[in-house]
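Okay, got some structures for you below.
What follows is chain A paired twice: with chain B in the first complex and chain C in the second.
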Partner chain A sequence: MAMVIQNVSKRVANECHIDDISLQLEPGTFNVLLGRTLSGKTSLMRLLAGLDKPTQGRILMNGRDLTGVPVRKRDVAMVYQQFINYPSMSVYQNIASPLRLAKVAAAEIDRKVREVAEMLRIDNLLERLPVELSGGQQQRTAIARALVKDAELLLLDEPLVNLDYKLREELRAEMREIFKRRDSIVVYATTEPPEALALGGNTAVLYEGRLEQFGPTVEVYQHPQTSRIAQAFSDPAMNIVAGTVDAGSLRLGEARQVPLQQHLRGLAPGNYRFGMRANHLQLQRNSAADIEFQTSIGLAEISGSETFVHVVHNGDAWTVQQPGIHQYQLDQQLQVYVDPARLYVFDLTDQLVVSPDNASRQLT
Partner chain B sequence: MKFQKRTIGLIIYFILLLLPIYWMLNMSLRTNADILSVFSFYPQEPTIDNYLKIFTDKSWYSGYLNSIYYVSMNVVISLLTALPAAYAFSRYSFLGDKHLFFWLLTNRMAPPAVFLLPFFQLYSTFGLIDTHFAVALSHCLFNVPLAVWILEGFMSGIPREIDEMAYIDGYSFPRFFLTIFTPLIRTGIGVTAFFCFMFSWVELLLARTLTTTAAKPIAATMTRTVSASGLDWGLLAAAGILTIVPGALVIYFVRNHLAKGFALGRV
Partner chain C sequence: MKKWQDNKAWFMVIPVFLVVAVSAILPLMTVVNYSLQDIFGPDQRVFVGIEWYQEALTDPRLHAALKRQLLFSSLVLLIEIPLGILIALMMPKRGWAASLSLVLVALPLLIPWNVIGTIWIIFMRPDIGLLGAAINGLGIPFDHTAAPFDAWVTVLMMEVWHWTPLVVLLAYAGLQAIPEAYFQAARIDGASTWATFRYIQLPKMRGVLTIAVLLRFMDSFLIYAEPFVLTGGGPGNSTTFLSIYLVKLAVGQFDLGPAAAFSMIYFLIALLFCWLFYQALLKVGTGDKS
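Showing the complex of A and B:
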């Protein structure tokens, strides 16, 4: 049995927040809602939780219609982006509060609270008040309170966003472990593609209140149905170039014609849009088949141990992801190479025609 | 040098500020004959007769009791009605909520005298004249709007997610309000109670008009000291000192949060 969302829409003051979304979420699965800010992630979560009522459509849980049922009568737990705990209660009382309300026996409450606190490594902080904790510990408390309830639906609305970088990495790594052995439906909203990939499970890509694609995370990553999804689900965004296929040869942008190979061989003549991931763009030739572009440098941005080189080719702005730290001159001419075997092909209506078969390659 | 100038300025300011109060204290410890005959900066023959009279004469101390009684009643009524109202204004949007909220405040802008006649007529009809309840109720006219405004400010400072979190956890509304929400705004409740106390304590016009004997406030009792033989200076001064005491005590408890109260909870 599962949670079924049927043609759900939400409009607030003539503004469409959720536009006709249908989804089926299975118990024991981890589901990521991926989308930019204002794409409707939080709105959808609030509908799932029952905090808001959909304007249209129905939400069913195990075949039972939950649409009008108030949140108090539902079996749901939620973690907010802000660290929301009861400020006047200790960490222990915070975690125990859902169990106390469910009238669980005191010994059982104590056992469960200590177990979940240990899992989230806050077992030494149980007597403190939330204000006496760091941001990461506060969010761990909030997660512990959501977990201890063992609800059939567990919602996490960008739980790591307000944490600093190191804490986020740390908690994200633990997140997988924490949610692995649960029978509940877990829904996790995030804006960050790496987070979705790290957490695995299923991914639903949202764009302006619409559901663009839903499926296993790796499949959505490898076979994005539109270039919009591909751009949303890669960081930095996928680079797009217009190209023409003509009698067995391919011409991308201003580059020289190359013969069609491998997965591109079946393409009918015509105009297409080609997608290239930033990490697939190279600054040196790796094989004779590589396509060479003349570009000029707009900006080189150093991000950790990587450099994002923003280049312009024929009016299109691209990003090249380079390992290591490099310095570049503005407006310097630069040759950029791409392996045709790595190209994603979209038609002019933006539908995926063919994607590189990454199955045997490393997912990066 | 600058520091010294400032210190001197402050000392002068405080002397000017405290002089009338000190003079009242001075007078309250002297007899009438002494006050009228000798000019003195301090009581040369201090006496506590004035205070003893107030504490022993029922017509005097009942004035204090009446005042304290209706003021406490008013604070309780104001808080009980303002808490749910402020919660509604802070959390829900409904038709005309902004207008209603502002209209509440306009009640404070009319002088109480405007409402005096209708109140008197109305309370006479219901037989409420000369009861503590009548005064407490009439003071709600300006205290409830004020309480709603202050509490709304404090409540809006609490993230709405806490409410939702509690509902998700399964709290019923009354239980959430009493065990989670009220502790979070206890400063606001304290400050609101203080403001209600203060305005009700100093209000004289409504309190005097709506009472005759049984619920007569202390401020009205004090006017009794005017008689054919002149003013009873010492007694009046002692009553004045005793009237300041409750207010000073209450201020002491909320002294750290007063500024936020004056800003109606919005900082």
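Showing the complex of A and C:
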């Protein structure tokens, strides 16, 4: 039994918010909706919740058609980007509110509230009002309120976006544990590829209202069907370079020709687009097989304990992810290396031809 | 670090200081001065201590005016605040209809107070006034110049008509500031319209409602224009509120000493009530029982 979304579209005025999405979500699974802002994540969630009615298509839950059923009659819980709690109620009353509306017995309410509060580590704050809590605690309360309902469908719309970095890491790790033990269908929207990878489960990549790819998160990451998915599911975005395959050799951009090896061996002669993840571009040669590019530096930005070096090669802008903190001069010349075994290959219509062979390598 | 000093800053502060001194502090000190002296002429004045204060505090007409004033202000708050919230809730949230309704609601606020008085005098006239004549036409005798109750009703209606829009604007702004996600969350929880109002909209409007209550209390407590234009405090003394009585005392009878003492008392009463309201409103709905 599962939630089935059949050819669902949503148009508002003349704008298409959701374009013909079909998807099947199984109970007990964790599903990430990945896409940038305005890609349709929130629109899709609103349709799943029943807050909006699709213009076309059907939504089935366990075989029952839910398309026209209003949200009040559905079994849904949702957590938002903003910390949404009832302002005049204590944490306890907030968590208890869905159960009270559902007319659950008082003793049962008390047991469930305390259980969920303990799970989210806010059991010592039950008497406080939301304004007396930190941002992280407020969001924990909102998550507790959603969990206590034990709904068939649990929607989380970028719940960690408004939290600071440390709290985010902490709550994300906890959430993975909390959701592991549930039978609900969990849908989690995020704009951040690392978050999708950290959460695991399945990932659906959305782009301009369309579903680009859906599958186990690692599978989507390792085998993105198009370069657009690869760029969306890569932070910083995957670097793309045009290249030509000719009689057993490969030439990327302005680099020297190299022989075809490993997963590239089967490529037919012709023009392709090659994808290189920022962390696979190196600033020193690691093996004789590496391809060397001459680039000039546009900008170097420091992110955490890494440096993102933005370089230009033959008119293409790339990002190199370099461990450690480094400083560079603008327009300085820089040699960038890539191991051909790390290349993703897309044809000129943007479809994946071959991705790196991961059986022999670790996922990095 | 070396402390940076530049006396030029004084040139920035002095103009404001002078304006405030001339417009607020000096008149206030003059009133304090008057309230402690008996003044017979420009050069003849006698220090009388707290005599005027004693006189004002034991004046039965002042007590009557204070009671009237408190009743009036309570009625104003009881009518204007719920009515303002109700109208704000019914107003459209966006689009051209929202702009139009805002303009319509704000119209009474744009009319000068003396014009409002004149409008209502004509409106309520028992012979030719639209509403006054209509009420009389129904067989209910209505004359605000003769019956104290009718005068009260008229002043209250003027006040409500004139100032409820302010409460509406404040409440509307408060409602608009609530993120859409709250209403979604309430819908998902299956909360009723009343529950949504009671547990989301009302608590979220707390800040603006505090301001609305304070402003409306202060303003209605100091009400002068409406009863002055309508009946000058009559019929009898029925609409003689504190400020009307004060003006009668100071300007009508030229009892500057008692009037000054009365002003000080009036000022302290208004301040006291505002403080009490403020303290109460800070705590309401926060669960703070202290």
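Operating definition for what follows: the second predicted complex is superposed on the first by the 362 of 364 C-alpha atoms of A that agree within 3 Å, B and C clash if a C-alpha of one lies under 4 Å from a C-alpha of the other, contacts with A are read in each partner's own complex, and residues count from 1 in each chain.
Operating definition for what follows: a residue touches a chain if its C-beta (ideal position, glycine included) is under 8 Å from a C-beta of that chain, and two chains touch if they have at least 3 such contacts.
In this text the structure is predicted, and so the values were computed from the model without any measurement.
Colleague: Do chain B and chain C fit side by side on chain A after the overlay, or clash?
Modeller: Chain B and chain C clash in the superposed model.
Colleague: By the touch definition at the top of the document, which applies to A:S90: first (chain B), second (chain C), both, or neither?
Modeller: After superposition on chain A, A:S90 lies in contact with chain C alone.
Colleague: A:A173 in the overlay: touching chain B, chain C, both, or neither? Say first, second, both or neither.
Modeller: In the superposed model, A:A173 contacts neither chain B nor chain C.
Colleague: Report for A:A49: first if it touches chain B alone, second if chain C alone, otherwise both or neither.
Modeller: both
Colleague: A:V71 contacts which: chain B (first), chain C (second), both, neither?
Modeller: both
Colleague: With both complexes superposed on chain A, which partner does A:V312 reach: first (chain B), second (chain C), both or neither?
Modeller: Neither partner.
Colleague: Touching A:L129, do we find chain B (first), chain C (second), both, or neither?
Modeller: second
Colleague: If I apply the document's touch criterion, which positions on chain A are contacted by chain B in one structure and by chain C in the other?
Modeller: 49, 51, 71-72, 76-78, 80, 82, 84, 86-88, 97-98, 101-102.
Colleague: Taking the touch rule as given, give the residues of chain A at its contact with chain B in the complex, in rising order.
Modeller: Touch residues, chain A against chain B: 49, 51, 70-72, 76-78, 80, 82, 84, 86-88, 97-98, 101-102, 145, 149.
Colleague: Touching residues of chain A toward chain C in the complex: what are they?
Modeller: Per the stated touch rule, the residues are 49, 51, 71-72, 76-78, 80-82, 84, 86-90, 97-98, 101-102, 129, 131.
Colleague: Spell out the residues on chain B that touch chain A in their complex, using ranges where they run on.
Modeller: By the definition above, chain B touches chain A via 159, 161-162, 164-172, 180, 183-184.
Colleague: Okay, in this complex, where on chain C does chain A touch?
Modeller: Of all residues in chain C, those touching chain A are 179, 181-182, 184-185, 187-191, 195, 199-200, 202-204, 285-287.
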